[in-house]
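Each in structure tokens, the structures are laid out below.
Across the two complexes that follow, subunit A remains constant while its partner is subunit B and subsequently subunit C.
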Partner chain A sequence: MAAYLLKRTVQILLTLFAFICIVFFLVNAQPGDISNVYALNPELPPDAKQRMQEQFGLNQPLWQQFLVYVKNVLTGSFGLSFSHYPRSVADVIGERLPRTVALFFTATVFSFYMGFVLGKIIAWKRGGWTEYATTLGGVTLYTVFTPWFALMMIWLFAFKAGWFPIGKFLDPVLWRDAPLNANTLFNRMMLTVFVVSVIVFAIFLVTTRRRVAGARYIQIGSLAAAAAVTVGIWWSTDVGHLAWDLIEHMILPVLTLTIISFAGTMLLTRNSMLETMREDFVLAARAKGLPEKAVRDRHVARNALLPVVTSLVFSLAFAVDGSVIIESVFSWPGMGQTLVSAALAEDLPLAVGAFVFVGIFVLLAHLAVDVLYVYLDPRIRY
Partner chain B sequence: MSGAPLLAVTDLTVDYHTRAGEVRAVDGVSFTVETGQALGLVGESGCGKSSLALALLRLLPESAQIRQGQVLLEGVDLLALSANDMRAYRWNRIAMVFQSAMNALDPVYRVGDQIIEALEQHPSAVSQDPAERVRELYDLVNLNHNSIDRYPHEYSGGMKQRAIIAMALACRPDLIIADEPTTALDVIVQDRILRELGNIRRELNMSMLYVSHDMAVIAEVSDVVAVMYAGKIVEYGDAAAVFKRPIHPYTRALMSSFPSVTGEKHDLATLSGEPPNPLDLPSGCHFHPRCPFATDVCKEQAPPTVRRGTQWADCWNPPGDEADG
Partner chain C sequence: MAVETAPPPAAPAPTAASLRKVRFALMLRSLRENWGLFVSTRVGMIGLVIILFYLVLALMHPILMNTVWDERIYDPVVGYAFDETRQPAPPSRSHLLGTDPLGRDILSQLMYSARSEFLLGLLAAVVTVTIGTTVGAIAAYYGGVMDTILMRFADIMVMLPGISVLIVLSALIGVEHFELALIIGILSGFGGTAILLKSQALSVVVKPYIEAARAAGGGPVHIIFIHIVPNLLPLSFLFMMFTVTGAIFSEAILSFLGLLDVRMSWGLMIHTTEAAGYLLQVGAYWWLIFPASLSITLLCSSFYLVGRAMDEVINPRLRRL
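The block that comes next holds the complex of A and B.
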């Protein structure tokens, strides 16, 4: 396992380096010169211009600029953002990347779960109108024009029904006298979710592996207990209502993303199930006298899951361009919106930084999927 | 071998629904298996052996339909049971070793756990602790205990085969159906596993339905032989009698196509031609286009049953008694 992960990590570092080079050449190949943008920008004080010139090596030949750039990327110093002056690029990204990660991680988990469960059911009950309606509905939502659909969701659920706030990340009125800043709170919330998930996952893992009696009840119980304790503790703090405000703003974008993307997983799961159902071990499972539900879940679905998990890697790319659209429509200040506004404002340091960080994030997610796959498929050679 | 048989199959008929039409894979088959007896079912590829085996456990694919017949296990008609009641019979009373045993293990679970899964499904079958029972089974089939917690891909072909047999024995079934369980193995391993399976079966006094296209294998494992052609049993009898004096020309042809103990091949009446197309079966005796003894009546009318003691065959032109040596 360790050797396999080491190999994958090295591969990913090499990919990352290639990605960084491509970003550099794309930026330099486009019309307009980075030095002009700085030299002609009246808002930048002269000493700042001077600092930037040194930092990016703007008065040096291109190959030296490239070396400077690589050094900057490796040390994480992308300089100062131009549209958010005087904040540094790292600071802006540090604020926004967690938001996008939270949004897309949640939506990916939901849509994967929903797609997998639905795919499993329609594969098992072939024919009939349930399969037909689910497939047709799923494909329609999958191919729908995303900005239009997102606007319809806002119009319907936020504007007409008034169940959710209309876009944005928080409600400024609530936060006027807030004891702490929204990003700190948001990061704390994410940390909480992360720690709780790790604990619950560990309980699931141990009870399953050790074949503990009543594992199912322990698992459901621990999940419920963890949720109750977390909500209880947050509720009792004086920032509980602020945390809820952030969550409320997340629900509609997460819902929209889930609805437009679950069908991919669903159809893939369905096909993978139909393929797996023909295997001999499924016949053997039936011959053992297992109930249909155990045959479906324990044997067919468990094996059909493998290619579906592999496909998660591809949906990561979808998440990046999805983030640009969804964040713009919902005015959600995350990485997607940052990328667009940096490009429009010719804020090159921020654009480059955003690209590189999105790249790092996607590759890390890729690595995470690899680890998950190794865990799920014992045939992978470590 | 007196009293009611363990398994009595009467007039079993299985059709597959295909685009080209109804395919009759099993055509009015009847036979019995006594307790402790091994019945060898032999026939060419496509004659309906697997369909028959799967029908007994009601494990046929959805495209198949059991048209008629009875499958009585100690007097209980399995075909009349509800799906839930049927599950209690599977593995507990009738276990199966599959044709492609290589793929009969789920790749994502440890082999030992897959055996335990069967034991936990039928808790009344064995009173022992499941893990203890698995160790006992591994001893029985000569597998090392340290492979219990390994995954199927870590097993060799022969080991998988032994594990599959261990799994079939797990709940102490009354009947084991073995559908060409050794075809994927090399001859030496195949031979050894066959002999071991035979020994275990005799020791535990289990019945077995052994399915194969290979007469040599059938000769080695069975007490009683049933020869199948185009969905019908065409000859049936004690193994000793059938191998000594086969009645049906098809049986004789099958026997001549395997090397004798001395290694030489009998060349007389080697099987020529192809098995018939199940969508367009020949009239009269289905075997007549390939039969060296066929006469006009064979083409027109279904053959009568010829009996010789407990042995019987469906044939118009059985060899005269003076012709047998």
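The block that comes next holds the complex of A and C.
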């Protein structure tokens, strides 16, 4: 397995290099360069333009520019952003990437769970009206024009009902004399969630593996206890209401994302279940006289899970794409919104930087899923 | 929808004409069988009806423009509804879906855009399938180095986040419908479609008739395009459907964000609404938001549904026990 992972890592690194090359040639294939942004400015004397070209190394041969570019990518320096001047691109991305990751990780976990459970059920009730209704509804939600659906959610839950704030990352009024800035708080919250979920996951793993009596109660109990303790501790600090403000702004985007993306998992689970249901071990399980629910959950669903996990790869690639839409509509400043606003403002350093980071993120996600897959399917031995 | 396997030679000494006849009869029979399976999935029929509805809308537009509709009022881009006092005007008898904030007829815009969506989807799908089947067949036929290069390239393409690529490209170069279709076609043709069609082609390459063709002196080009590619066609039709969904969806997203240089499209209609500030007045100005958004949703999901129904026809493992 170590050899396989090494091979995969080398492959991913090669892919990453190819990706960086593609981005470079895309940027350089267009006529003109960065100094053209100021071409129409009458205040700018010609020698200033020349100086700028020298400064950016634009008068060097292309291969030298390429080397400089690769060096810059590896050291993470993408220059200064035009639209967020004087902040550097790396700074803007460092602020926004964790947000998108948090948003999408939450939504992906919810939608995969929901899709898997629903897919199990409709595969078992094949041919009934439940199946047609769920499939139609699921497909419609899956292919719904996302901005419109997000808009309807905002209109319904935020504008009409007023349960949630309309878009944005935080409520500036609350933060006027806050003791710390939003990013610090957000990163602390993410750290908390990470630690708590690792602990809960460990408890789940141990109780399942050791076949502890009453594992189910221990699991539910520990989940509830962890949640209660976390909320309690956060509530007692003086930034509790600010943390809640951030969460409140996240609920609607996460909800929207979950609703539009669960159908993909659901339909895939259904197909995978239908294929697994023809296997001999299912017949054997039924012949043993196991109840239908046990056959479905313990025998068919577990084996049908594999392709669903593979689809996580594609859904993670989609996640970054999806963030473009959702974040733009909700004006939620994450990676996607950064990319779109940079593209609209022709802020090339930021657009290219964001794009490269998105690419790296997707590649790392692929690697993570590969590792997960080896762990999940004992039949795969590399 | 197409022939599953190449037909066996029927007569002892088949002439070209009789062979074609047999082939045609076989095709017709399998078409009828597959059509029956397709109808029995129901969801596929729903999709087909929606597609036909929009096709009729798209085809009606030039006819209406030449006969009933006055060009100065009903032109989807430069028309202005002089007969309304306030813009956007609610639906009336002369403007069935009302007018947009710039005084243009919504129904006319909707029908005009339907045509370009179909063209876009069709072009993207054809490019995807042409590239995908060719790449898949070549990789499977030659194997070795060729296979490795093509498939690693496909891996990169699959990992590229599509919408983000399109956004960056639209910031770098002006993207219109034609370029968009080409980009989507290339991305998906060299990427996911090629990978899946290659795995199908691998099962074709080992069939005895490929060996026979080779023994009869067929060159690589002949074998790939006459013997392998036709057997990949049923599966590639399936990917055509999914590509159409993807293309229409991407177009709508990009023009909604205002990143495309197109004259008129469903996404642009919503962009206009947003720019004019009517986006959250869903109740009062529903005709500015619902027709375009619903059209995008319906057309995307109909192609997706047809694709899924075809999947059940093509993939025997999904058939009912």
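Everything that follows uses one rule, which is that the second predicted complex is superposed on the first by the 357 of 382 C-alpha atoms of A that agree within 3 Å, B and C clash if a C-alpha of one lies under 4 Å from a C-alpha of the other, contacts with A are read in each partner's own complex, and residues count from 1 in each chain.
The criterion applied here is as follows: a contact is a pair of C-beta atoms (placed from the backbone, for glycine too) under 8 Å apart; a residue touches a chain by one contact, two chains touch by 3 or more.
Just so you know, these numbers come straight off a predicted model, no measurement behind them.
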| item | value |
| --- | --- |
| Fit or clash - subunit C, subunit B, common subunit A | fit |
| Touching partner for A:147 - first (subunit B), second (subunit C), both, neither | second |
| Partner chain in contact with A:324 - subunit B first, subunit C second, else both or neither | second |
| Partner chain in contact with A:303 - subunit B first, subunit C second, else both or neither | first |
| Winner by number of subunit A residues touched, once subunit B and subunit C are compared | C |
| Subunit B versus subunit C as contact partner of A:291, first or second or both or neither | first |
| Per-pair minimum CA distance [subunit C against subunit B, superposed on A] in Å | 8 |
| Contacting residues of subunit B [partner subunit A, same complex] | 57, 59, 87-92, 95-96, 98, 100, 103-108, 117-118, 121-122, 151, 153 |
| Touching residues (chain side subunit C, partner subunit A) in the complex | 42-43, 46, 152, 155-156, 158-165, 167-173, 245, 249, 252-253, 256-259, 270, 279-280, 282, 289, 293, 296-297, 300-301, 304-305, 308, 317-318, 320-321 |
| In the complex, subunit A residues that touch subunit B | 279-281, 283-291, 298-299, 302-303, 376-379 |
| List of subunit A residues in touch with subunit C within their complex | 11, 14-15, 18-19, 22, 26-27, 29-30, 126-127, 132, 135-136, 139-140, 142-148, 151-152, 154-155, 159, 166, 267, 271, 274-275, 278, 314, 317-318, 320-321, 324-325, 328, 336, 339-340, 342-344, 346, 348, 351-352, 355, 358-359, 362-363, 366 |
